[in-house]
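In what follows, structures are represented as structure tokens.
Here chain A shows up in two complexes: once beside chain B, once beside chain C.
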Partner chain A sequence: MSETAAEPKMAITVDFSGGLEMLFSNQRRHALSIPAHDKDGKPSNIAFLISHLCKTLMKDPRTDLFVLDDHIRPGILVLINDADWELEGEEAYEIQPGDNILFVSTLHGG
Partner chain B sequence: MAPALCAVCKTARALIKRPKNHSKLCKTCFIEVFEDEVHHTITSSQLFFPGERVAIGASGGKDSTVLASVLKTLNERHNYGLDLVLLSIDEGIKGYRDDSLETVKRNAVQYDMPLKVVGYDELYGWTMDQVVETIGKKGNCTYCGVFRRQALDRGAKMLGIKHVVTGHNADDVAETVLMNLLRGDMARLSRSTSIVTGNNSSEVKRSKPLKYSYEKEIVLYAHHKKLDYFSTECIYSPEAFRGSARSLIKQLERVRPSAILDIVRSGEDMARLVPGESPSSCSCKGKSKAPAEVAEDDIGGCGSQNGRNPGNEMAVMDKQLRENEEHEAHEIDVAKSTPRNEGGTANKKWELPVRTAAVASKVVKGQVLGNCKRCGYMSSQDICQACTLLDGLNKNRAQIQI
Partner chain C sequence: MTADTGAASAAPMKSNDRRLTYEEFERYSRQMIVPGMGKHGQLRLINSRILIIGAGGLGCPAAQYIAGAGVGTIGIVDGDTVEISNLHRQVGHATSRLGWKKVDSLIAHLKDINPLPNYIPHPFHLDPQNAADIITQYDLVMDCTDNPATRYLISDVCVLLRKPLVSAASVQKSGQLIVLNCPPAPQGLVDKKYPPCYRCCFKKPPPPSSMVSCGEAGIMGPVVGMMGVAQAGEAIKIIASALHLPPSSTNDLTAPIPERNLQQPTLLIYTYDLESAVGPYSFRALRMAGRRKNCFACGENSTLTLEGIKTGNPNYVTFCSPPTTDHALPPEDRITASKYHETRARGELPAHLLIDTREKEHFSFGAIDGAINVPFGRFLMNAAAIKRDGGPPDQILPAEAALGDDTPIFVVCRRGLDSQETVEKLKELGVDHGGKRKIMDIVGGMKAWKDEVDPTFPFV
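Showing the complex of A and B:
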């Protein structure tokens, strides 16, 4: 998918923890500027963010540890501004500028 | 979506949706409810006595870190009078355990608890790195598991402590129930669902105070309380079978969050069918040795607040049993290797392999706790599993040296 420079962007922070940081350059917090709309012109939602992260931020080839069958892997919790995404509409939540999205894995032992 | 309000305080914004009953809670109420439920498990199962010295099996991971934090909080809040110690096992895996042990050392300071670390190298003369060098990655989890189990006992003994608590959560128990169900190992299934293993006569008893706590809630508790924990995967690939059971549990949770506690309860129910096994359900009415039917009534009180009717529990078990039977019919290989009861009995339709006389006696034999003739530690066999594995390893080492 192509994005032109003229497209409006929005600034958000994305955090990874519980072992997921390993898949994203071993870095917990990422300050990102993401397109405000998806390729169909709809406001960017969590589903869009997840595929965007896979395409642009994830350097590790093991995408199946983050996404399974086009959805977030079961066992990974998503918090939107500290709230369980299940309270916010999950993948359909429309991202707002300044949002913090945290992906935390419950799958790792210790 | 308008932000939902907390179902308890009705004032703060809900941040957590509980998997077991879908209730929406704010951060403060969630932390309180989570701690209250662990307290309930502890008191209703009479896990501790005042003045007891308890070792917390601490890996630096989320579960044991939350366990240490919650136990410290509850011990102070409810005056349990416990003397809590952190006990860590160093398996000897470079680049994995080194980092998590650093976390445990910080935890010891944060929670003001003494820390004892025991290593596989000092106990067995082998680090896991050396084990993997010898036997390869395949099957190494078996060694690590057997060694860890005994290492915790031995560490506790060094400290003069008779009770080890571990951070096993509801997801772990459900996973183990499923694995044992799939292996047809009812005796182990029964033990894996017990909140306490070992008893006052054994040297070290173990318990799982987080047995009814969802992994999701443990992670959220750690997140909202900003606990310092370490998360990484063991560098040696985990057992494929356990991994599959784990994925299945997580997928089920996505569709039906209550499934995890339901599997735990089904496991407890099935445990009652195993001869010589006492159920370890939560006895809410404060009876230490609750008869089966009382325990059954009480189970609903431990977990879901949307009370479950016992009839449903039985239906679930019935269905499970029937499904087992159907699957058994398809599993030619397994059926062949399963010892059969000589001469069909009347209640053949309901027979589980473990209930046949021949197998039952075998199971009972396996359950009698004694001491290993080699190392002297608790074992249900003459030579404990750890010593048996060590024998094999040492032979290999000898061969390699020749």
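Showing the complex of A and C:
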């Protein structure tokens, strides 16, 4: 909460696909600088990133299209450097500088 | 027959060691000389049976290449008929075949490409009662459908019948493709290196409110076409290389899967932007996890059976669209499209503001005279900003509309849901000035306008 000037940040890219970009200014790629630690001083993980995105990047009020009950909503895949987040520890994965996190909504049309 | 194929004990017609006819050589030579293909690969295609479920934007391009490549038996499942709005993407149909059953139309087209395969029409939709009886007749399944309930059903049956599944989907400007259940391992045999099923990758369907179909959201022909063609590419590769089968010396499906047949499960996504060149088109190959230990369908303690599926367990419809709470506005806040039209035509309606909340692309097709376009998404965003930052509530209304405090507002949308939410939000913000101003919803949206007032209206 306190304004410490030296709050360490890290640079990552966040991508949205499958229609989710609509909720984020219609932009598919965002280069972000996010806090390296959460408010408890723990390294920022994916759960932190999701709430951070809702608070800072999402202008559309329809947050329920992105999160439900504080978790990513069903039907959205999370990819960490192009790998399913299941292979990386899901919400607990600690984000590294330079990481690419991709959120894809699964499609059903044809 | 040579010793190593004798064990397959297939009917002589199905021999993987027969001579090709002159026509077959002529017709397939250009793919047969591709390294890795050869006569063996071609005979595997000729002796195989592929089921294409859905004869639409994915199924049409997929089927063209499956037929062209010489797959011996090709089944097509679809209960729909050809409509003119299909033709920009469903390239297996034609203007001259409008109104035909899609399966018949597509098969007519395929026979023109290649008369040699045996084409089997299934002119109805796949459902839990017929799924297993149809799928069991084939070696590989291509999911070219357009709704999640059918996608989960197809995957479940493919797990139980041990059929490889090539699945694709597409909406608007994005497409996705994944090979599942290939090679098929027995249900309950859990090992991370075994391939996932649809449920392993997509545990739960998205809530219906967040789902859009091609009919509602639109679809670019080349995007869905690309995914259908890629599906055919995967299916041909799997069959021609026998990647779905146990080692050729045995017919034992429980034999361990050879390493060479285990592929890294990969989800391919294709995307592009229409309105800006900032984001170029992109293909991404995403690494997916293997079979999931606790998967409902293929996992360790799965109780899924073919009998269960037939008798409604699981229930695919409720799984994919849980009952929603339907909130309707009180009758005094609503007016039917015909009543609005009649009172307005008789001059009995006071000067008012008519807001149309459809997306601007829909609005560009046409609107009710005098309507002002305020797209729903942008409206919600502005409403949230006013709520957060304060400011006069009337700021949410279009600037070009000069309004008195009691000028009524009517709201119309596509089908009558967004407009109700808009009316609620406007009141919540205080735009009704404590009841001084009436704010009303036009029941059923522009769909109702077309049905009740103007049948020539270009409703999409």
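Throughout what follows, the second predicted complex is superposed on the first by the 101 of 110 C-alpha atoms of A that agree within 3 Å, B and C clash if a C-alpha of one lies under 4 Å from a C-alpha of the other, contacts with A are read in each partner's own complex, and residues count from 1 in each chain.
We take it that a residue touches a chain if its C-beta (ideal position, glycine included) is under 8 Å from a C-beta of that chain, and two chains touch if they have at least 3 such contacts.
Computed from a prediction, not measured in an experiment: that's the story for all the values here.
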Superposed partners chain B and chain C on chain A - clash or fit: clash
Which superposed partner A:89 touches (first chain B, second chain C, both, neither): first
Which of chain B and chain C A:74 touches, first, second, both or neither: both
Per-residue contact with chain A, leading partner among chain C and chain B: C
Which superposed partner A:44 touches (first chain B, second chain C, both, neither): neither
Colliding stretch - chain B into chain C, listed as 97-105, 349-357 or 367-375: 97-105
Common interface positions of chain A, toward chain B and toward chain C: 17-19, 22, 73-75, 77, 79, 82-84, 86-87, 102, 104-110
Chain B partner contacts - residues on chain A that touch it in the complex: 17-19, 22, 73-75, 77, 79, 82-84, 86-89, 93, 102, 104-110
Residues of chain C that touch chain A when the two form their complex: 54, 56-59, 144-148, 151, 168-172, 174-176, 201-207, 209-214, 217, 219, 224, 267, 269, 271, 273, 279, 284-289, 377, 380-381, 383-384
Complex contacts: residues of chain B adjacent to chain A: 1, 3-4, 13-17, 24, 27, 59-65, 100, 171, 215-216, 218-220, 223-224, 229-234, 246-247, 250-251, 253-254
Residue numbers on chain A that touch chain C, as the complex places them: 17-19, 22, 27-29, 59-62, 64-65, 68, 73-77, 79, 82-84, 86-87, 102, 104-110
